[in-house]
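The chains carry the letters A, B, C and D, assigned in the order they are written, with residues numbered from 1 in each.
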């Protein structure tokens, strides 16, 4: 599908910035501290989304909802606010930070009163046929309040002809396409679901008699919960009365988790298939070092995401690891660039070279990936300005040539450096002495496989290969690219 | 219907506090200052609702919306915020101030994306079958975002099977019951509508080439617009390209405007059927004076609503009019009552006796109406404390015995003083030397009629008579009195 | 002094907008509800200042302070915030609303730690030698935090060489000049003081065992306190342990209260020398009617301040009183004037003609005073637009030709209409058919005197006569007109 | 002095929490981007204080001030707000985050109008005789607005009898004692000063024609300025018209910078005496490794402050460095601990063990210092819970037994673990298998000296030795420990 698809995809992706998000979800059933546990879980998942966060609880009679812009730690820490979120069942959501004016309506979990009850949904991922489904429903009289594909799920549930709520949800899951992980409250049940390929992650945990759903295991650690297992691809779990039941409504498919959960998204201490993300990333560095063809003086990571790979690289190559770039953790909103005399300001707000580690040295600079190349260019310039003799860039993953449609906010193909330049041109663009990416083979080896299974790849690695496990229907047809709403909000409500 | 109805109505009214509101609406078509004119119009209609206000405009392509808690004069006065509300068509809404936590979602105008366009609606009134209609639609999969009956109208339009938007709206009007005045933007048209009896008010004005819709004529005065005419009962006006077209989809009915628009709601300078509300109210005082059987020294109004009637009363009776109660206009939120030593605090925050006008005098105290009697009781006590010799209470309207269901926030019948006590008991309760109400005949005479037409009353005067022009279906059946939403919001969003 | 002074005063007054304020003060000693009583008292005095308000209490060990922008009723009504203001002694202050950016530092009461204790001061009035005193102290090393003359008082107390706090305060009073009323907490005492002429008002009240100080008696009424007496001119009262002691440190002077407290400032129900302000104002109308030389159809007040005089005028002249102008009480911040089609917007936001009372009628329009004439001009234009046949303006006080320097925010002499035009020109300017002011003799008669005592006028009536009881030293010498601070605040803190 | 002193110091330190702060200061003279450069410099110094920040500029005529709670990046990034801060001279200040209610008055820089001009001061450090000086001035009539010792400096300048402003400042410096670095604007000059021992840091930089003052060199890097030199101990620099003049008013003293600037406070990339703080800290780890007597499997730092020492330790000992603790950078306000089932919550909000690096391993845990021991205890418990076989704690500095009085917020001696327990007891308390501190000799060697010079120590190392270079007068006498203010603020203004 790859080549033919990409011609059509040009330009289109930026039209729907709000539909593309990487988020974190959480759920708990059976604890009287449900809201507090959810707040803590969301705090541990904060790296998956910083724009907004929300918690919905159910107390057996009523639902309670609180949704806020900003961080969990700034919104859900007061006893007073958590006490309002009554009940033993709770779900929560962290929303990815996108630029531009946002409205509180788009913060999840979503809620809807249905005939005979209500439903609340938190969703991580992106549907690839949300617009087609939305258009059909609007024609039939449905009123949408948001521009989010999560509302498409809610509306499908509301309109399902099935009688039981679980059947309505499964009826809905069979209609939607893309990558998704869901945490749902309905009729006193906590329900989790993962898309047929398991593109987006979801794990099950246990804390005394309570069951937990979370995007990553680090959210279990913070509350002292035990990691039980991953939710399987295509699995729907229904948690009620301290019991977990499974349903598998989809035809059996190969599991293909998003490879970038391993490379970058997940927190280093989270466990993915029995190993920590940290181990996989050190392995990526190890395999990168194996392909080394130069003799640098020092290994310097781009902090913080490049650190594990750089440690693996240093241990394999015996070249000393140094913090050659110091990170300022207090980064607020964007500064105005005052005059031309202050160059490279953007990256200087976050990073500053550590002279003692780089002056007069041959530096091998390690990063987890290379997307647009703009930050790398500024960092390499800065290292030279502070006296580095040579800067060799090494990337602990293959070159990204294709955008994502399953919930990750990637630039359009036109903005992806590797989609538009060859290796030499890229090296020239970023100003490095040399540039190398980890090979696709090296990637699979680092992740524990002999090699990539061409017929049934073990991951969805479309970023590098253009092989998409699910056709992105909404993005194939220009007819879909019409306006989502006629409303242009004057303010955020 | 009256007696049989009232048995059932007991207790029920307080269950739906949010469905009962008295509001102000406005609309303008054909002015590049549409948003500013709407802000000014809403400012003039501020007495009809102080909780929140909103404006929606349409610029030919997009809708722009701004909805806020609080007063128009605190929210829509900055050039910057008005400039965001682009377009030559605008509608606006003032929401009545009710107690308790409210959400911004319930502030109007409401907006919805429909198939092939969008619609925005501002509504003054109350539907008496909103719950029945809502329940039917939720069964069919509709998702409601608010507890307001205005959303019922929006959802009915969205689901109408008609093709043209005006037909969809009329299709909707034929299904809803109660008292309503609507100001709508759809497909570039400004549409106004009034219920079949004309219970709630709506007038048409003109400013150069622009047409205006407003709840009262005082909103035309503030922008210098000319008063054209009232929208008729049951009329739908469609304003587009500087032309006004009328449709009358309902079977012809007797006009029966709410008599309390004449007695209390409308601003004194607003024109109702060729006279100002001020004139009608002076007349009410005149007729009240004709029924006078005592010789007081001074006529004192309860400010500000009792002033016109007191002036009429004074001019007819030749007894001097004095401001015996001074009003503090700076009333903020509720004060805490500190100790028992500070009595009657509630009314003291607003009113204080003016000793020179009441000390050692026989006072006739004039108010427009008597509802619960609590304020009157405190005022009369205060007048005695400051030296009044006698206080005779005279009410410039008949005794209120029945609640309203058409958009006016009245207490339940149990709380209405006149529904539970006879004249002597009431006089005793409020602590007056004597108490009299204007007779029903006096009311109709003051309003310009020889007498009340028993078969086709010229107003809806159900407050006094219990004769309801529209059966309040939602309130007749306990089955309807179920929870409107399972969501109990933890905060206001 | 008058003529020679006025040449120098030109232009100068606008340089010190912040030094000119009309405020309200309050104090209570001996009640465990001290803070709440103060909040209520300030609420009753809200008409004297709306920009900000503050309360300081003393609990025997510590002082507690809360100062806010905005109304008392919006800031001091929550139990939680009042409970923080502990102690049985409290003082409070309402600050007059001036335009432009203000800082919270200028909100009173002021507070200072002194050697061996502390002091807190609330001040109504204006010192006429504050700058001279300030300059001397800055030369000696004093640091001023505000631009308020109240801080001059505080700094003088801090620097006094006397030992006892009361002596330090009296030492200070002997140095300051102008019009002032003070409410002070120091060493557990509540102290009140009034300037030697008694220009600014201050009264004493009693509530059970507690003593109260307030600018007006209406602040006693709201808390149910008894009015004891006025504080005399030049008197210092020291309230401690339920006792009131008096000291009179100044040479004996004729009392000369500000005549505008009678004409306009005080609330109508407040008592000034045994009568209510309402009575005096009706009398002003009565005497105005005696000078009537035309036959109008109707008496119309400019609401609300013209109402009492109009009632007196109507009762004396037998011409009917009508509310010919309806006031909108919901006035927020300033609206933007959209286009030329909307004229006279400023006054329309507040007032609208009531057609039934003025159409085709000869109107006599009554106002309490005429300052710049801009509002009158707009009102008269509006009355003509709505059909008034003739508008005759009558002012219930003499023509204002001179500015104030004792705490009232008057325009410069150049902006005073009567200082620059003769009667005919003024009538022409405001567009009236005729214009008359109450005579100076009429004023004194209405206020209860046979005539004005030329040698020892019973009031300070400098507005009309230019006779200033205290030389405004700061305003005589251009050298004083230098910058008060080199700090130009970027924000309000 | 040490032993005798410490008996008296017991309990006292917590009485003045506000006087103890570690802050960052900045200044620039000669750039039209002065405010923006200051904002960027403060951003780079954000690690020195997060409670509040302020900038004051001078445009040749007026001063402009903006002071805010919170981070620089949240307050000084908008063009609009920076443009209000006009002028080519600016100073700025970051305030240390302390717990409890704070008032905006305590945010620096401070400003005062003096006779003939004005002054603005930013101060990092703590005066040890501020209370004595304050008490003297209050006795003389000075009014203090804050509880900060910086105001003591301002008041001394205001009251100096000298004529020239620079002489007034030097007159003041000769009276104050303690550790201080100052950045001052006065009469168009930018003035920097450092205490006689150079306890607190201050450096000079240059950007084109502009001169810069900053607490650390990292604030020069962010704006692209060149590091010129450190301000010497006891030096006063006066920068005006692009020239730097020096004055040295103090008797010559040995420089003794605070050793904790090297160990912990300064950002790793900042240069202290020709080396980066990062190099010194790696050296501390190297020397710590030389004293190693066990054979661990893995070196784990407490992030982020322990990382450089751990890297030095690993490189010296050849034991692999691993990120055994993963830090969550999104830490907001304090969470409520919900129930006993969630233990060690405090540290879990920030850190989580990385199982792959610690499970079944002998861990040597490296931290820069050990203060109370509470965090170490929780971390070690957590490492054990996640499977660590042994945890050996190694501290890259000697044991802290004495509090600081020169601007660093240390606990009282009673709370310092090493002041109350011997090594064995401490090891037991934190739950480690073994515990060692770097020796005092090792410290001096790591910092580049053969050994500590007992007679003239090269640093102030009172934390470890109790040898204080300046007697903390305010803290010696219980008489000084009286209340700083009688005002207990009800809110933050």
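A few comments on the model shown:
Keep this in mind: contacts are C-beta pairs under 8 Å (C-beta built on N, C-alpha and C of every residue); 3 or more make two chains touch, one makes a residue touch a chain.
Source: prediction; values computed, not measured.
Shared contact partners of chain A and chain B, listed by label: none present. Steps from chain C to chain D, taking the shortest chain of touch contacts, total 1.
Annotation: 63 Å between the Cα-based centres of chain A and chain C. In terms of their C-alpha centroids, the spacing between chain B and chain C amounts to 38 Å.
Multi-chain contact residues of chain C (touching two or more other chains): none found.
A ring topology is adopted by the chain contact network, closed into one cycle in which each chain touches exactly two others.
Pairs of chains meeting the touch criterion: A-B, A-D, B-C, C-D.
Across the interface of their complex, chain A is touched by residues 33, 36-37, 39-40, 43-44, 46-47, 50, 71-75, 77-79, 82, 207-208, 218, 221-224, 267-269, 271, 275-276, 278-279, 304, 307-308, 311, 315, 320-323, 326, 328-336, 338-339, 341-343, 345, 348-349, 352-357 of chain D. Residue ranges on chain B touching chain A, taken from their complex, read 61-67, 81, 84-85, 104, 111-115, 117-118, 138-145, 154-155, 158-160, 485-491, 493.
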